[in-house]
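Chain lettering (A, B, C and D) follows the sequence in which the chains are written, and residue indices restart at 1 in each chain.
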Amino acid sequence: MTDTINTKFTCRDVRVHYGDFEALHGIDIDIPDRGVTAFIGPSGCGKSTFLRTFNRMNDTIDGCRVSGKIHMDGQDIYDPNLDPVLLRAQVGMVFQKPNPFPKSIYDNVAYGPRIHGLTSSKAELDALVEKSLRRAGLWEEVKDRLKLSGTGLSGGQQQRLVIARAIAVSPEVILMDEPASALDPIATAKLEALIEELKERYCIIIVTHSMAQAARVSDKTAFFYMGDLIEFDDTDKIFTNPGNTRTQDYITGRTG
Amino acid sequence: MTETAFTSKAALKRLKKRRGTEWRFRMWGRAAVLFALAALAWLMISIVGTGYTAFQQNFMTMDFELSESILAPDGTRDPEKLRGANYRRVVQNTMYSQFPEVTKRKDKQALFALVSASGATNQIRQMVYKNPNLVGKTVTITVPASDQIDQLLKGYIKRDTDESRRKVSNQQIAWADTLKERGVIKKKFNKILFMNPDSRDPELAGIASAVVGSIMILVVAFVLAFPIGVGSAIYLDEFAPKNKFTDFIEININNLAAVPSIVFGLLGLAVFLNFMGMPRSIPLVGGMVLALRVFPTITIATRSALQGVSPSIVDGALSLGASHTQAVFQQKLPLAGPGILTGSIIGMAQALGETAPLLMIGMVAFVTEVPNSVTEPATALPVQIFLWSDSAERAWAERTSAAIIVLLVVLITMNGFAIWLRNRLEQRR
Amino acid sequence: MGQIPIYMMLLIAVLTIGGFVYNRSAALEKFRAARAAAGGRMAPTAWHSQASYHGYFTAWIVGLSTLAIFIIGLFIKGSGTGFNVAWLVATILTGLAAIILTGRKVSGQFRARTYVERFIQGFLILLSVIAVLTTLGIIASLLFESLRFFKEVPFMDFLFGLQWSPQTALRTDQVGQSGSFGAIPVFAGTFLIMLVAMAIAGPVGLMIAIYLTEYASGAVKKWVKPAIEILAGVPTVVYGFFALLTFAPFVRGFAESLGFSVPTQSALAAGVVMGVMIIPFVSSLSSDVINAVPQTLRDGSYALGATESETMKKVVFTAALPGIIGAFMLAISRAIGETMIVYMAAGKAANLTANPFEAVTTVTVQIVALLTGDSDFDSPKTLVAFALGLVLFIITLLLNVVALTVVRRYRAKY
Amino acid sequence: MTMKTLILGAASAALLVACGGGDTAAVKEKAAETVKDAAKVAQTATGGDIRVVGSSTVYPFSTKVAQEFKNKTGFNVVVESTGSGGGHKLFCSGADQSTPDITNSSRRQKKSEFDNCVKNGVQGVVEVKIGFDGIVLANAVDSPVMNMSLKDVYMAFAKEVPTSDTDCTLRANPYTSWSEINPALPDFKIEAYGPPPTSGTRDAFVEIAMEGGAKKVDCLAALRKEDKKAFANIAHTLREDGKWIDAGENDNALVQTLVNTPTAVGVFGYSFLDQNADKIKGANIDGTAPEFENIAAGDYPVARSLYFYIKKDHVGQTPGLQEFALEFTSDAAAGPGGYLEEIGLVPLPDAERAAVRTAVENLSTYSQ
């Protein structure tokens, strides 16, 4: 990664409240435009909560309040005039547990383009579905059974299907919330390979429990602890020479 | 092995006793299940046992001489005029001709009572009305026997009871037996029960108008209750902010589902009839009252169906940029569909069996015609059952049971479908 | 003339659908043009709402505005061909104006989807409010008529009077009779029948629930559960018929063989049949509650060497008790409000008795009898039906609300 | 997208129906004002049917005629049993087409009811007497025939009775068995299943039998001359100590109860006795049995007349209305040997029947 990379997200003093409870205590961070940023930290440290602020999925949780500023490409994404729906079209998300819709594989991928009216003909849509599935590395495995239900695939395939579904909307960012935690090692390896490929085109933010995974796939790593961002730096630096003792303790397994 | 606290004699004895208690408890459970099943069996057997005979009825096939001197002394062939002619005389003549030896007035009356007077005269009347050229000819048609004879031949009126205690005289029994031997009286499938509207005479009474009335009520109730029920469930579950007001709505709906149905009848009477001035005994009002009665059921079923859909589905849709409304309507609702359907069917079955509220809004009318629209007076099947069960003639008990059989078959089919749907749903989860 | 509203509604439907189709295609055209201008590839942000939403937006506006004209027309109560033509023209003009005005709004920036979703939400709110309106309607109608009754008969005499014999004159020109409106015997009868019913449905329903959730094998469950649910699906008028024709004579014969004399219509006959009707209600609610008790509790008990019945009685039952009480309360509310069985099988004689072999009457029986009888609509004899209805509503309301709260709080606990 | 279309469709359908429903009354009212062709209005307002409401006693006769009439002419008749009082109330609630055309009554229309009609703009009501109905006291067919006088009836069922024929000091009714009242009666405990207070049959029983019996008590007869109201109060109040049991009217449970309780009597209309003659039989009152001939001849003391009332304004608006009334009063229906007699109506004497028929033909209104 070179220094000329632009900043995708600029966060200043981001705080998240669930009712009276403050889950994040003012986070300042700049997420780069390309590459993979990993969020690590012990359970309940707020990393997932923080991830969900980038596409405003927190809006759907009752009693959840977000304050502070998050800008994407200079645009305030918490601007009251901004429709979160359009934001989410640009910021895709992959969840911990694969959640394909109980529809056909084709319909799963086509759902996004359809609601956004991205294509104007069946052929165009077909092409988009194929392209997305190919990019997610799933095409060869499912091209003969596009009409079958997406829930019939294996866990790893489902997760890649969900990624294909997200890619189909042509987002700029893909958020991944522990995407490999429900997968076996082989499927995880495939997924990581996919992330490796995707980071050329997209800004990827990944929350992970696995230190090794963060070390393998990410370019930058942020360490969260008890609702605070403790350290944010190049992955190599974090894992070899962390600037903070708490980071060090976590990475070496003394906490968490 | 050494004797421990658990292998001592006392402990073993206690264990035996405990096992005994266990066994008895189990038996109580089994007994409770058997009790419920026995009650169900008794109910079904008693109703089917009294009702199945009503699906057949005794008919008489005879020649009727449509003599011009009786029907059209002035030689008219105007159908409207012919309609009012004296068909009773025609039927009487036919009956008398069966036993020419009968001459006394009282005996003739008794003989005439073998046939359904109303049924026979009206059947001939309609024939002549449609085809006035029949006057002067002789027709052979099949008409229902009177309810007394029908009951006699079905064995409900016992021959060995004292003559003064039964409504059929010995002479009439002899006539009926003779006619049966001659092949004039025959038992046939009782089409009347299904095709006719209500009647004063048991042998002519049918459930057609009540069935149509019930269908209309159900359609109105469904068209109103389904959107209200599903709509309020979607609102409460998906869009409503959590505040006092939505809590209030929620309590309201839960309570409404348990409010006695007769209270809805009182509501209909006070609001729809007295306050709004809508007509009495029309399916529209019946449907509106029952819609209010069943929509909470649909709401509750819909809510539990919606809550059963994994939230990750909605998250998935939202993360792709679907709006909340889109996520709910396009992803969640179709998944909740079978659950909603189950709830709706159960609600509709509830509405179909409801009687008390309909009594309050005057749906106990005697209607001689199958209603054509929801604003025409009608009655409903359960109300018809209620009315018939209250009628004096013995033949009604049989017909009431037959109507109940029809109602139960429909209801059990509906409920069975709902249960099947629900089981399939549970398996899928 | 009577047909005109129907034609008007058809017209409104046509305008609404037409508006949808017209503006949807207009939006589609503009969208395609914009896409072509953008070189075939357009960001999702460039065009806010899909074409069909522009169509829906138009449909809502057209539908609502023409419906408003329609309703105004109904209220003006005009007459004659002139009025009808004016009414029709006004509707058409409004509809067309709405189509054109909304059509102008079609653009990438116009947030048709947001508006449509707001309309849908508003509509959903409207639907949920119907529940509140229904309750208000019930309270208002019962209260209104009851107050008229209480003007003539003191409230206390009604609620605590021991004599139910509404013998007041049928008509205003008759000499009045004693006319006691003491509702206690009626409540007592209701209560007695409810007790009989619960004496059957309570233990039987509960034991069925326990047996089916804890003991029964899959095959038994598969057949027994639906069979018991059939009992719940049988209309009450059928139970009434059964009670009247089969069960009441059976009870009487049975009692006579024991040397009692029992009237055909007795609290026992009605109560037992009602109890059978409520069994599935109790059993399904109870099994929900029992199922909600976590398996860990049971496992804990088994691990100590308790038998199944001991676990059931001492652990599961205790844990489930609040929920079961709630279920019973709902069943009681159901028994109190049941009408047809008691109307057909319990009788109309207001005896103040605790003997289930006697005939008693209930609140619901009296409501039906009073409202379908020969009395004047305005006489206290008819109005008292609403007062009884009010009391019935209040009692069941209390039972329901308490029971529902108990059950819900109970479920939240686990 | 399909789901949404579906929901939108369902919603709009609901809206349409809701509007249609809510407006029926308004529409109807307007219809009456607007359109010249009255018959057509009726068609939209009530489906063109003849609407009959009123007494549950007349209901079986009315439905029978309705059925025959429908077959003879094709006109649809809707009969609803609302009770006499309810019937008059509905009938007199207005003159427009949404109100009933006919109300049945098991008694004459009362002054107050007639006034209500006039007040609400019902101009011209035709009163039609159709026949008689006896009120009988019946017991199981196996029990001995009871021979009672009207006075016995009064003594058995009044809440308070005079101490003796001459001493009108009232005391709570002390009698528990029939033989205490009249040694000739069986030693059965007094137990009567009778119509509830809401019933017109009860009304008639009280006004004819109870009052008739009270008049036979000398001192009460004297009281009647002085203070009618006080007399009526004494005569009309039925006992409330469980000897008189409110039961359903004309229902099967009642017959069953009587058959099963041989010592009990039931109080109901003659037509119901007629239908169940194989199970129950009537008591003789003042030496007269409740039989067809006796009621027709006016010998049976507890008999009342049955009526129906026609709204004259509706003749010509409701198609077939007058024809229906003519069918009802025809010899084939209400005459001796007519089909109404078959189900228990006691016909009027020939002369009176002819007079009634003429009144229907001429639509002569009545007044009070």
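Keep in mind that, in the parts below, contacts are C-beta pairs under 8 Å (C-beta built on N, C-alpha and C of every residue); 3 or more make two chains touch, one makes a residue touch a chain.
Being a predicted model, the structure only gives us computed values, none of them experimental.
Trainee: Any chains in contact with both chain A and chain C?
Mentor: B
Trainee: By mean C-alpha position, what chain is farthest away from chain B?
Mentor: In terms of C-alpha centroids, the chain at the greatest distance from chain B is A.
Trainee: Quick one: most central chain, C-alpha centroids?
Mentor: That would be C.
Trainee: Quick one: report the Å distance separating chain B from chain C, using the average Cα coordinate of each chain.
Mentor: Averaging C-alpha atoms per chain gives centres 21 Å apart.
Trainee: In whole angstrom, what separates the CA-based centres of chain B and chain D?
Mentor: 28
Trainee: Counting only Cα atoms for the centres, state how far chain C is from chain D in Å.
Mentor: The separation of the two C-alpha centroids amounts to 35 Å.
Trainee: Centroid from C-alpha atoms only, then distance chain A to chain D, rounded to Å. What do you get?
Mentor: Roughly 81 Å, centre to centre.
Trainee: Pull out every residue in chain D that's touching 2 or more other chains.
Mentor: 1, 11, 28, 45, 81-82, 248, 252
Trainee: Could you list the positions in chain A whose residues touch two or more of the other chains?
Mentor: Residues 83, 85-86, 89-90, 115-116, 169 of chain A touch two or more partner chains.
Trainee: Could you say which residues in chain C touch two or more other chains, in rising order?
Mentor: Counting only residues that touch two or more other chains, chain C contributes 44, 113, 123, 244-245, 344, 372.
Trainee: What are all the touching pairs of chains?
Mentor: A-B, A-C, B-C, B-D, C-D
Trainee: Which stretch or stretches of chain C touch chain D in the complex?
Mentor: Residue positions touching the partner: 1-3, 5-6, 9, 13, 16, 52, 56, 59, 63, 67, 70-71, 74-75, 77, 79-80, 123, 163, 165-168, 170-178, 180, 244-245, 248-249, 252, 261, 263-265, 344-345, 347-351, 359, 361, 369-370, 372-379, 381.
Trainee: For chain B, which residues count as touching chain D in their complex?
Mentor: 83-84, 88, 117-118, 121-122, 125-126, 165-167, 199-201, 204, 220, 223-224, 226-228, 230-231, 276-281, 284, 288, 329-330, 333-334, 362, 364-369, 371-373, 375-377, 389-393, 397
Trainee: Note which residues of chain B are touching chain A in the complex, please.
Mentor: Interface residues on the chain B side: 242, 310, 312-324, 326, 330-331, 335.
Trainee: Can you list the chain B residues touching chain C in their complex?
Mentor: Per the touch definition, chain B meets chain C at residues 18-19, 21-22, 25-26, 28-33, 35-37, 39-40, 42-43, 46-47, 50, 227-228, 231-232, 234-236, 239-240, 246, 248-249, 251-256, 258-264, 266-267, 269-271, 275, 292, 295-296, 299, 321, 323-325, 349, 352-356, 359-360, 364, 382-383, 385-386, 389, 397, 400-401, 404, 407-408, 411-412, 414-416, 419.
Trainee: Please give the residue numbers of chain D that touch chain C in the complex, ascending.
Mentor: Its residues touching chain C are 1, 8, 11-12, 15-16, 19-20, 23, 26-31, 33-35, 40-41, 43-45, 55-56, 81-86, 89, 106, 110-113, 159, 196-200, 203, 229, 232-233, 236-238, 240, 242, 245-248, 252-253, 256-257, 260-261.
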